[in-house]
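Going by the order they are written in, the chains are A, B, C and D; count residues from 1 in each one.
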Amino acid sequence: MLKAQVHTAAELLTILSARELKNGQVVFAGVGIPLLAATLAQRLNCPSLTILFEGGVIGALIEPGKLPPSTNDQRCTMRANMVLGSAEVLLLLQRGYVDVGFMGGAQIDQYGNLNSSLIGDPARPKTRLPGTGGGNDIASLTQMIVAMKHEKRRFVEHVDFITSPGFLRGGTTRHDSGLVTGGMHRVVSDLAVFDFDEKDRRMRVIALNPGVTREQVQDNTGFKLKFADDLGITGPPTDQELKELRELDPERLYIS
Amino acid sequence: MLKAQVHTAAELLTILSARELKNGQVVFAGVGIPLLAATLAQRLNCPSLTILFEGGVIGALIEPGKLPPSTNDQRCTMRANMVLGSAEVLLLLQRGYVDVGFMGGAQIDQYGNLNSSLIGDPARPKTRLPGTGGGNDIASLTQMIVAMKHEKRRFVEHVDFITSPGFLRGGTTRHDSGLVTGGMHRVVSDLAVFDFDEKDRRMRVIALNPGVTREQVQDNTGFKLKFADDLGITGPPTDQELKELRELDPERLYIS
Amino acid sequence: MSDTGNKEKNRTAPRSYTELRKDLSRRDRSLREKVVSLEEATAFVRDGDSVGIGGSTMSRTPMGMIWALIRAGKKNLSCARSIVSSDGDLLLASRACNHIVTSWFSQGILWGVSKVMRHHIETGKARYEEWSHMAMGMRFRAGAMGIPFMPIRSMLGSDVGKQRPEAVEMNCPFTAEKLLLVPALNPDVALIHVQRCDAYGNAQFDGLQFMDADLAMAADKVILTTERIISNDQIRRAPDQTKIPFFTVDAVVELPFGCAPHECYGVYEPMMRHMEYYVDLVNKDPVKGMQEYLDRFVYGPKSWTEFLDLIGVEELLEAARAGESIYDA
Amino acid sequence: MSDTGNKEKNRTAPRSYTELRKDLSRRDRSLREKVVSLEEATAFVRDGDSVGIGGSTMSRTPMGMIWALIRAGKKNLSCARSIVSSDGDLLLASRACNHIVTSWFSQGILWGVSKVMRHHIETGKARYEEWSHMAMGMRFRAGAMGIPFMPIRSMLGSDVGKQRPEAVEMNCPFTAEKLLLVPALNPDVALIHVQRCDAYGNAQFDGLQFMDADLAMAADKVILTTERIISNDQIRRAPDQTKIPFFTVDAVVELPFGCAPHECYGVYEPMMRHMEYYVDLVNKDPVKGMQEYLDRFVYGPKSWTEFLDLIGVEELLEAARAGESIYDA
């Protein structure tokens, strides 16, 4: 048990996000920690979890030690149930076949909006980031889980640019803009687990990670956080979770 | 030469329509005489004619004696270049890849509109016919060749129901209705070959079949025909045309 | 009449996105075995359902499933298929279906107009809702994509278009051109026959595709019949051959010769002697002849295999030999 | 700036149907041999063309063709691809391209943000037009289908949508819901790499499909590069494996390892050592490092084969061994 507690922030993040998935769900997973966490969940207690990748893959079974460099590489298709066009796999989101979209994020705001596009003036950005990819589609069309490193510059009051919509400006603004389905479901960071208030749609702490205080979370967040009345404490990574995870990523591409 | 003149009306129809096709064209062919005529043209002097079928076939090479019972049967796919969805092959018409649509018809009017849907009140038809199939799409989206048996009840002033649009009510009515491309190019009957006046869009005889008089054509037509100033006479079927055709349909499914 | 008209028009209106998503979110999409008997599969269809039928004309028609639905006494189905052949005769004559949505309906081009179809439509016993072939495909595709309509450029100007107030003309906001918006078709249930699938419903089919992939994605439920069930391992060895993903599928029935007397690409051609016997019988007398056929070939046999017995091994083998010849090239 | 803006916005507006059809009717769609050399194929691309690029990220990238276009000195191309990797760096740095239309642009998820991309976009040397990944697909699909737009349900509400006045919001005439209409994308020319095709351009590709079939159908011209040219007989033996029909294709180039250093499904995985060398070099100094790479690996070699020599046989073989392992399952 003591051994289990020696882990990296990325390992904690992966394990906690894996726990958010349920057996039988269809999950659209981004590369990196989402892919790793979904595969971990599949191997631990969700044998009938179906993983989709943006490159055009349904029912992927990632092999330990053969993590793909993106979700558009052939490694993603190994022993899949179906390989299809990338527009087709994204359309599954629109049709409604997907339970959970699962992404990483670089910058998130109090309403769960994500920015992966740019900082500054869109016409001539100060910093141009890679862009949405399928992020905008996933966040627009299904329930989202986001796994993020917790830093003050990443948890901001308002993102510079809404690439992947959370609850936009809160309240009913998401629904009013035409996004009548989906929305942010959970944010998992290395400090805490969050949901969003049902009314004003602001981010809310529902569980602190082991050994983390309310103050620590607030101090590392760029806006005023809400805390759930029944604030919980997440269970620490178990030996089995860590063992399986480390087998999956023996080169520690994503978990170091 | 004498032998060549012993032929059925269906054989004449098939051979004359085959002559309307040009090497290198992409032709969307219906079953029966169109399929047969396109295959005949391919074997005679259009080796790079590409035949499409509604069932989802590009570049069919029909085998002599193995005529398919419809364009949705596996026999249509033998040695094709591509087999694809039936919506996909119809979309090729919409995108513009098809030079010629080639169909048979049961009833046509002076503007080249075809009826294969019904006679009487659409809500409770006196005679319900099979329907459009791809006919409406083909006639709406590309240049048409129609091969028909010439009878007064088939060449009518106005069809009961416009299934496949020709020039609708003549003049610019086709274009005005949103059909900005395509239209009737040729009608081939066992009596004559027709085009459509460029202005008023009425059917016009451009060539009489061998041994047929102007009066014969007019007498067998339910509306007043125009005749081209430079009215021609179609050449009779050649020995080679008849020989190839009879090899294609040895059971005389379509040519008797 | 106008009452029925409204009800039937509502059948054609696309569902709101909220409803569509709610309906789908209720479905169990987990990876699980779904193999049932032909009779058990009939429970997935309720009276009055809209039913999408795979294949086209005499190809990959889910005849066994249709046969079983008729035997189970289903009523008032609205059946949509790209092109309808003798499957439609059976559905109308048995009163399983009173509404056909298609682009073409007759037994086959070789036999002229179906007298059975004529009898039922012309006497008002059933309604024939006609769309162009491409429009049928675009309605399924819009349904598959989770959008309420698809713009097309056919059916304009013609009477086929005028008879379909369910479709809406629009001026394109980009090009100012006229377009026709055809409404999405999301059937309550789809019946699809394939050459092979696994117990979860991952289906691979060869040759002519028709609209089956879109149909599966569009429907609320899918019943697959299959020439044979293969292992999930076999599916995973060639995942780029999978055309229908398991989570769209609710029931899997192994049913050899499941399209008889129609064809299944690469497996058998149509059983033409049986088809000719059938057409001759029913078109001579579309009421009594049809009843005779239903009694003898649909209600009579104890099982699908007994129906195949009535066609006879000789004709089955002949059709199979011809079907496999597609791979001789 | 507003001048450029307008010009660039016009680049995005869909063509009228009359124009689209006229442009297509001029193309020679006959069955004819189209095999040319890599250098000859560059003549099919004119300065200022909009270019659709097949594959995605590091997969089935037509790298050889891009490499040849840069060497041929093409300028001011507008390049559209679902997801752009180091191909985009090369296109921008060589000044072959000043406008990228995509959903994601970086060398690869492993390496963070591309400094080359940042340099060119942040200094205004080139413009990055961002659409969601699905929107890119739907723009190609509308182009492939001959319709001016496709309705979608993403990009609403977000700033990605707000930055794209080229897309139009609409209220659905059926359901009164909000939809976004994204304009058709019909590139002047498409570059697509496949595992095999015949001399006419009938192409079959395995595994990940990306948007290549739609892209081929949407474009005004298609240049295919292929790992190998097979006989038309081989195509005709499995016509249901053909994904791109010959009449969409204008040029066929046989180019083994034509995606290097990216991957080609089932043939080779990415050449990761070369990629890592590349990323390290160019991100350290996105101007000089990039110029060094261009000089040494793009302008330097006499031929594509000589470029492959610079990667080295050992890495090629290793990538090929890994690529083929997809069939070990």
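Everything that follows uses one rule, which is that contacts are C-beta pairs under 8 Å (C-beta built on N, C-alpha and C of every residue); 3 or more make two chains touch, one makes a residue touch a chain.
Quantities reported herein were computed from a predicted structural model and do not represent experimental measurements.
Comparing chain pairs B-D and B-C, the larger number of C-beta contacts belongs to B-C. Look at where the CA atoms of chain A average out and do the same for chain B: the two points lie 58 Å apart.
For the pair chain A and chain C, the distance between mean C-alpha positions equals 40 Å.
For the pair chain B and chain C, the distance between mean C-alpha positions equals 29 Å. The residues of chain D that reach two or more other chains are 17, 146-147, 152-153, 177, 179, 207-209, 236, 240, 329, listed in rising order.
Residue positions of chain A touching 2 or more other chains: 57, 77, 79, 83-84, 91, 94, 180.
An unclassified topology is adopted by the chain contact network, corresponding to no line, ring, star or complete arrangement. Here the chains touching each other pair up as A-C, A-D, B-C, B-D, C-D. For chain A in complex with chain C, the touching residues are 23-26, 48, 50, 57-59, 61, 77, 79-84, 91, 94-97, 99, 180-181.
The touching residues of chain C, when paired with chain B in their complex, are 56-59, 82-83, 102-106, 108-110, 113-114, 117-118, 121-122, 124, 128, 130-138, 140-141, 152-160, 163, 169, 177-180, 207-211, 213-214, 263, 265-266, 269-270, 272, 323, 326, 329. Chain D contributes residues 17-18, 20-21, 24-25, 28-32, 144-147, 200, 202, 217, 232, 235-236, 239-240, 242, 245-248 to its touches with chain B in the complex.
Across the complex, chain B meets chain C through its residues 31-32, 54-57, 69-70, 72-79, 83-88, 90-91, 93-94, 113, 117, 122, 124-137, 140-141, 161-165, 168, 173-174, 177-180, 253. Those residues of chain D that touch chain C in the shared complex are 13-17, 146-153, 168, 170, 172-175, 177, 179, 181, 183, 206-209, 236-237, 240, 329.
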